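The two complexes that follow have chain A in common; it is paired with chain B in the first and with chain C in the second.
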Partner chain A sequence: MHRVKFRSCLIALATGMTLIVSGCDQPAPPVTGAAPTMRLLSESQYRNIIADLFGAQITVGGSFDPLVRTNGLLTVGATNARITPAGLEQFDRMARSIAEQVVSEANRDVLIPCKPASVSSPDDACATAFYKNVGRILYRHPLTDDEVRSPVAVAAAAGRDLGNFYDGIASGLAGMMVSPSFLFSIDATEPDPSLPGKVRLDGYAKAARLSFFLWNTTPDDQLLTAAEKGALHDKKGLNAQVDRMLGSPKLETGMRAFFNDMLAFDDFAKIEKDSIIYPSFSAAVAEDAKEQSLRTIVDLLITQQGDYRDLFTTRKTFMSGPLGRIYRVPVDRPDGGWIPYEFPEGDQRAGLITQISFAALYSHPGRSSPTLRGRAIRESLLCQKIPDPPGDVDFSLFNDPNSPNKTARDRLSAHATQPACAGCHKLTDPIGLAMERIDGAGQLRTTESGASIDPSGDLDGVKFTDAVGLGKAMRDNPAVPPCIVNRVYSYATGRTPERTEQPLLNHFEKQFTSAQFRLPKLLQSIAASDALFAVAAPEARAAAAPPEKDNKS
Partner chain B sequence: MSNTKAFSEITRRTGAVLATALVLAVSFAANAQPKTLGFVITTWNTGLYESKFVDECPEGFNIGYDEIWWRGLSKPERARLTDNGLKSRLDRYFNAIRRGPNKEDVCMNPTIVKDPPLLTVEGKVSYGANLDGNADGSATANTCKHENFTGLDGTPGIDNQMYRLLGCVYGFRSYGQFEVNANENRKSNGNGMTLIEVTGVDDEKNDNDVKVSFYRAIDQYTLDGGGNFTPFASYRVDAAGGKLRYGSAVKGRIENGVLTTDEGDVNLPFYGNYTYMNQEIKDMRLRLELSEDGAKVNGMASGYYGVDQLMFYIGGLGPISSTAISNCPSIYLAAHELADGHPDPQTGKCTALSSAYNFRAVAAFIIHPKAEQTASADQK
Partner chain C sequence: MTVLIPRKANRREMLKGTLGGAAVGVALPFLDCFLTDNGTALAATGAPLPVRFGTWYWGLGHTPGHAITPKTQTSAGIDFLEETKALKPWEKYINFYGGFNMPLDGRSNYTHFTGWVASRTGSAPSGNNDIPAPTLDLLIADSIAGNTRFQTLDMTSVGIPRENYSARSTNSRAAAEASPEKLYARIFGEEFMDPNKAEFAPDPRVMVRKSVLSAVGEQSKALNAKLGASDRARLDEYFTSIRQIENQLDLQMQKPEPNLACAIPLPIKRDGDEQNMPQGLEVDTVVANHQMMTKILAMAVACNQTKVFNMVFSDNFSHMRRPGQTYTHHLLTHEETPDKVLGYQPVAFSFNCRTMDSFASFIEAFANIREGDGNLLDNTLIFAATETNYARVHSIDGVPIFTAGRAGGRIKTGMHVVGNGDPITRVGLTAMQIMGLPIDKWGTKSLQTSKTITDVLA
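Take a look at the complex of A and B:
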């Protein structure tokens, strides 16, 4: 039997199969699981849920409290997030606005499945039908009787007071949308029948975890139905749902959210450039720069099912009119549309880190920043932590317009002679300086203040001559695959992997490597693993955990 | 990287991927296929040399037809029209423009009234080129006798009768309403935008054989947040129904980074002051100073501009003429007197004015229509 599995695995690899290679997966190491969590919905998840449930015509206004990036991901930060009083006010305001739109005359006939006996008075039966229907999607499980009773009572009271059934319905709906059951993805547990004395995530919590991981939205009807039937506790049923989800167009939405998080693209919301120094950089350029990178990622990793590492060397991307002005390439879509575009062989643009998004995001408003860029590469793409700079850094060398140090390399060389700074700059600058021929707005240049820019450097001992060379060094860097594995797993579980989980991460990395670094395989491995759903009561975890050690690796 | 390779790649993909003729506007390294430069004209001004103290107009600027009309009114008429001075605003233009004996529009009938003669330029220096090839302004087979200017660099024999005609008309000076309005109109609505394409460029510094073509853009200008023209934007050429509506071309050369062309009859789009024009400039030649970064360039076009074409434009300027201080009848008569090019074979009178136009442009990618679209349109 083992021989058969091994053979099918070899055949699959030899024929370049990129999808799931069944039969060749080694069993995953056992996992203890982490404590159940409550994860606050992200802004994009909130918006996706509303769009899925009520349609894209519903406007979601208002602002969301920022999340704290943890282990490189806002999603992990969301696990520890709380709702501030001001944040709750915002959620309340949004909920009321959404509810009003749902019951509006334009939408009510479509979104509310029944008609009240009288518009001017409550109708508990119709209200119950409506809340059961939307509540299953909002709360990601069928509502209990208590959960139904509450909004129905609110709708009845408000409907009576306001003399309008629909106003009552809106009140009840708004109440549901500020409930923790909606705003948090809650790890509900139940006794595990196969392991007496242990607990497991219930089917609905598993469905939510899968859905937010792969689709960045609430489970759909099929997934909830599978949860209801207990199919997600069964390997076959789980695999069927995972395969279905990986084949869904919603996977693109999910992976956009993941890479948006991993690459800290949420910072585009606050990107600023000095319009005197970079007149060509605009809000449209910033928006399109982000979109370009996400399109590149989705096309390579999802549509083409390509090698993740090629993200650092690919010359294929997409181009819009605003970006064409920065890249200085023609775009036959001045109307704002996108065209596929491939940078020619030998071009200074190849790979994610040479795109405008990366170059502009990790720069200052008026100049580039080899340090920010180097740090972003180390932290976001290689999962290496760079300490924050001390609070009393002397930036006069950088801000002096009459400095004899014309290029960033000159200035950083002078700066890095200070012992307190040298340690970190040795890690960031040799790679950040490789991108210096791309200015703070993402435009190519060869000189700075009249001096020629030297973009050569080395990454962990691998020398290169420019940013494209850095991309090639990145592609072959052994830290790249384990980093994406770590990030995907963290994103899926909403927490930083524990040290005891390193064998598990190694296992996923091995599968990822065997699958020629195809992202869908990594997603499948994690989504269908026991590890994704593993939970343990705190006392069980304490008993299972080894003594704490200082791990600097 | 080799920009040349970049261009080659773009050109190669032109058919396969985009199926468009994409024209790159930036510089490329040597040793490869000829490259193409593209520009979109951003401002276009009649080439009027303006001295610091307006010495070229020793008697001052001309008065417009509002003032001519007002000065011709008797005191009782002024009292009647202003309601004995109680009217704070008087519709001067509509009265002034219809001051023919029978209320005729004097722009449509410029000889129906006898207005003061136009004050013309008396200066000696001008923008422009020696269009007729001689330095003394004497008549030739294709020109009429006229007075020459000296160029700003001392070049003798500069022909620019358009300057002599309009240099003392306030509205046509660089700060005058006609010129400012026209540039602003094009900037805001994208009408009449001219694209210049230089093809067959082997060396951007020195190349003795290039082709310069002119097109109309159908996309509006790309502006930055400060309202400035953004270089390296893409513009599609006007090819309604698959056929180019413009596309005049002349041969040229580049010497030390300055592009000059042979003369040729060129059609250019124009829009300004509510008037669309298909301008024909006869015997036009171009001078374009290419910049190091290729982003922004300055240029001058010179050639003969038809009097009828000019009067069509001036006649259509309408109420703006009030604030621009202009007068059709005076300009009409002077234009015919000053015309120095393209004599009518029947009458021998010249029909066009030597002229010059200063313009600015920014680098642009010029997008030609898809080959298959053009082909199918041609087949119809």
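Take a look at the complex of A and C:
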């Protein structure tokens, strides 16, 4: 039996027909289940849902309360996030604005499936049809009678008070969009018929987990229908939905969201470069730098189904006009579009960490930062914790006017002579200094303050001569695969894995390794696993300890 | 480039009563006859003028030896040195608190984080995202913020919404308003009700909004049965937020009390594309944003839109910078070579001076608004603190704190208070007691204190 599975696995890999072959999977370790979660929608999820439901023409304005990055992910922080009064005020304002747009004369005929008997008075039947339709998507389950009655009653009262059916409809819709049933993705449980005394997520909660994991948005009609029919409790039905979702164009949206979170690209919202020191860097460059990395990731990992580790060495990317000016690459796209681009063999650019996005994001406004870069590589890409700096650092060596410290290596060498600092800087600096020939705006350079930059270094004992060499060392570093496994699992479940789940993570890593480190296989393994949906009994919810928080500020 | 002109309607304008050229009826101005003889209370209701509380935050502390001359005993008079000289004209409104310590009971000093968390929550954090207790502004808001539109107004002049040092817990931290334009729109936009307009008609849309929220709150209670204890607590916080918006809407359905101090500022107009407004960390931009936000805030307070506010001038790592310089304020504190003659880091010092200049302008904005027989600052208590004493070495003992304002006459001012190594929580405890909170101790572990600073109680 095992031989047959192994053989079918090899055939699949050899022919390249599909990389998602459940036949070569080994049984997963048993899972005990964690507390159900109640996750606050992220800004991107909120925006995606509104676009999916009402179309991209509906604008979403307003700000969202910040989430706390936990286990390297804001998504995990969302599991513990609360709604502040100011935050709810923003949600209320956004909801009213969206609702007004939905019922506007320009949109109502398309977005509201019925016409009222009279525009100047309520129409419960039409309101009921509308709310049942949109509520199923907003709340991620068919509305209960109570859930329908509430907005219909609001719409009727508001329609009477305001003398307009559509104003009434907008009021009821705005109410639904400030409801916790919309703003939080709440795990609903039910008794598990196959395990008496135990509970399981209901089908709609499973659908929501899958959808936010793979698509970063609300479940579509097919997924909700599968949940309604109980198909997500069945392996065959679940696999069918997972395969469908992995084949959907929405997977790109989902994976963009994941890598945006994992790489802390939300910090692009506050990136700032000094316009005198870096005159080429602009808001357009920042936006395109982020987009370039996401395009590189999507193309390699989703479109080409390539090896995840090649992300650190690939010379293939995409180029826009604004980026071309920094990379010094001609881009013949006057329309502002993108072109595929491959850096030549031997170029100083290869892999994610040599792109402008990474170099600029982990730098200061007016200079690079080997420490920030080294820390980002350790924490975001290798899942290794760098301790916080001690509070009582002596900077006198930095301040010595007789030691001009022209380069970052000079400065950090002085710093690392302090025993309290040396331990951590040994972890960050040898890799961060390798990127020093890329300045704080992502431009190549060979000198700093007139002194030649030495970009050599080592990563966990593997020596290299420059940033491209660092990328190769990253590709082969044994911490890379388990890190992406940890992050994907954490992102999918919305929580930090328990220590007792290490065998499970090992299992996923083995499957990932067997599949030549193809991301879709990892996604499939986790999405179709019992572990993604395993929950403890409701009583355990109160006892569940909060997940460990990152020590970042 | 920047135009922010407070439109203080005179009596002639008010009586003429025009808005955008259209007659809207005769507005009667708030006259002194609305006040009691001593000008400290409203004659109609006998209610005292409200006392407000706010925080003002700056990053990276002071330059030791060049900010405030230390004292050995608490006494009247503050010796402002070069870094703080802009505060000298406001000495009669200010107290300085120096020499208070921050015992951590073995916990780490998470650089640029522990300091503000401990002084505002009374507890030392266990990690550098950990906010172990509500900040004092929220405790005060829970007590006094009724009858205003906003429980608190949080804003930051560094353009980054997450830089807000007011939080109920690690995971309950609102985004600060980071744009003066958005702050203006939120306060003085279409939902603002001019207290000095004679005419008042409740907006039926406001009543509808309230009924919508009431229905949502009622219908959502059923969720409680599906949740564990920790998530029920989170849902409770949501319901609290719903109630606060309902309270705001209740207020919008009532005619506000006339208020002479309230003069609606004109909208902000800046050159250039609104989408590309400078919101950067260049120090001139930060100062300009701060000035605009301060004027809006002070008038919002005078117009009774909030009784509690939080202004962040610079972030805890102070990433402020000068154009063309590779070093930010924070990097300078660590890496700038001290001048041998001056004895300090001159460029870092210049950032500190700009910071204190801005604090002085913040105080001035409140002092410039007449209220009763005094000014808004007479009826406000501003708690101004930072996260470190000397940023170069991240020291957290002796972190400087100022209070500004007379809190309705409840606090003596012009004092230099000496902590003698006592926990810094004594300042927060005293501030909360002045604001009327019935508490006799505050803080945890070695930061817990029950010692009010009686020297400043009026």
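One rule holds in what follows: the second predicted complex is superposed on the first by the 514 of 553 C-alpha atoms of A that agree within 3 Å, B and C clash if a C-alpha of one lies under 4 Å from a C-alpha of the other, contacts with A are read in each partner's own complex, and residues count from 1 in each chain.
In this section, a contact is a pair of C-beta atoms (placed from the backbone, for glycine too) under 8 Å apart; a residue touches a chain by one contact, two chains touch by 3 or more.
As the structure is a prediction and not an experimental result, all values here were calculated from the model.
Peer 1: Have a look at where A:C383 lands relative to chain B and chain C in the superposition and call it first, second, both or neither.
Peer 2: neither
Peer 1: Would you sort A:S282 into first (chain B), second (chain C), both or neither based on which partner it touches?
Peer 2: first
Peer 1: Touch check for A:V152: first (chain B), second (chain C), both, or neither?
Peer 2: In the superposition, A:V152 contacts neither chain B nor chain C.
Peer 1: Tell me which partner touches more residues of chain A in the superposed arrangement, chain B or chain C.
Peer 2: Of chain B and chain C, the partner in contact with more residues of chain A is C.
Peer 1: Which of the two partners, first being chain B and second being chain C, lies in contact with A:E342: first, second, both, or neither?
Peer 2: The first partner, chain B, only.
Peer 1: If you stack the two complexes on chain A, which partner ends up touching A:R325: first (chain B), second (chain C), both, or neither?
Peer 2: first
Peer 1: Is A:T84 touching anything from chain B or chain C once the two structures are fitted on A? First, second, both or neither.
Peer 2: In the superposition, A:T84 contacts chain C only.
Peer 1: Counting only touches as set out at the top, which of chain B and chain C does A:I453 meet: first, second, both, neither?
Peer 2: neither
Peer 1: Per the contact definition in the header, classify A:I438: touching chain B only (first), chain C only (second), both, or neither.
Peer 2: A:I438: touches no partner chain.
Peer 1: Report, in rising order, the residues of chain A that make contact with chain B in one complex and with chain C in the other.
Peer 2: 275
Peer 1: Once bound in the complex, which stretches of chain A touch chain B?
Peer 2: Against chain B, the touching part of chain A is residues 275, 279-280, 282, 321, 324-326, 328-332, 334, 339-340, 342-348, 468.
Peer 1: Which residues of chain B touch chain A in their complex?
Peer 2: It comes out as residues 1-2, 5-6, 8-10, 13, 17-18, 20, 22-26, 219, 222, 224-226, 228, 230-236, 365-367.
Peer 1: Name, in rising order, each residue of chain A that touches chain C in their complex.
Peer 2: Interface residues on the chain A side: 35-36, 38, 63-66, 68-69, 77, 80-90, 92, 96, 146-147, 150-151, 153-154, 157-158, 161-162, 167, 171-172, 174-176, 178-181, 183, 186, 188-189, 270, 272, 274-277, 283, 364-367, 388-395, 398-401, 411, 538-542, 544, 546, 549-553.
Peer 1: Taking the complex as given, what residues does chain C use to touch chain A?
Peer 2: 108-114, 127-130, 150-152, 154, 159-162, 168-175, 204-205, 207-209, 211-213, 215-216, 218-220, 222-223, 226-231, 234-235, 237-238, 240-242, 244-245, 276, 280-281, 316-317, 319, 321, 323-328, 331, 334-338, 392-396
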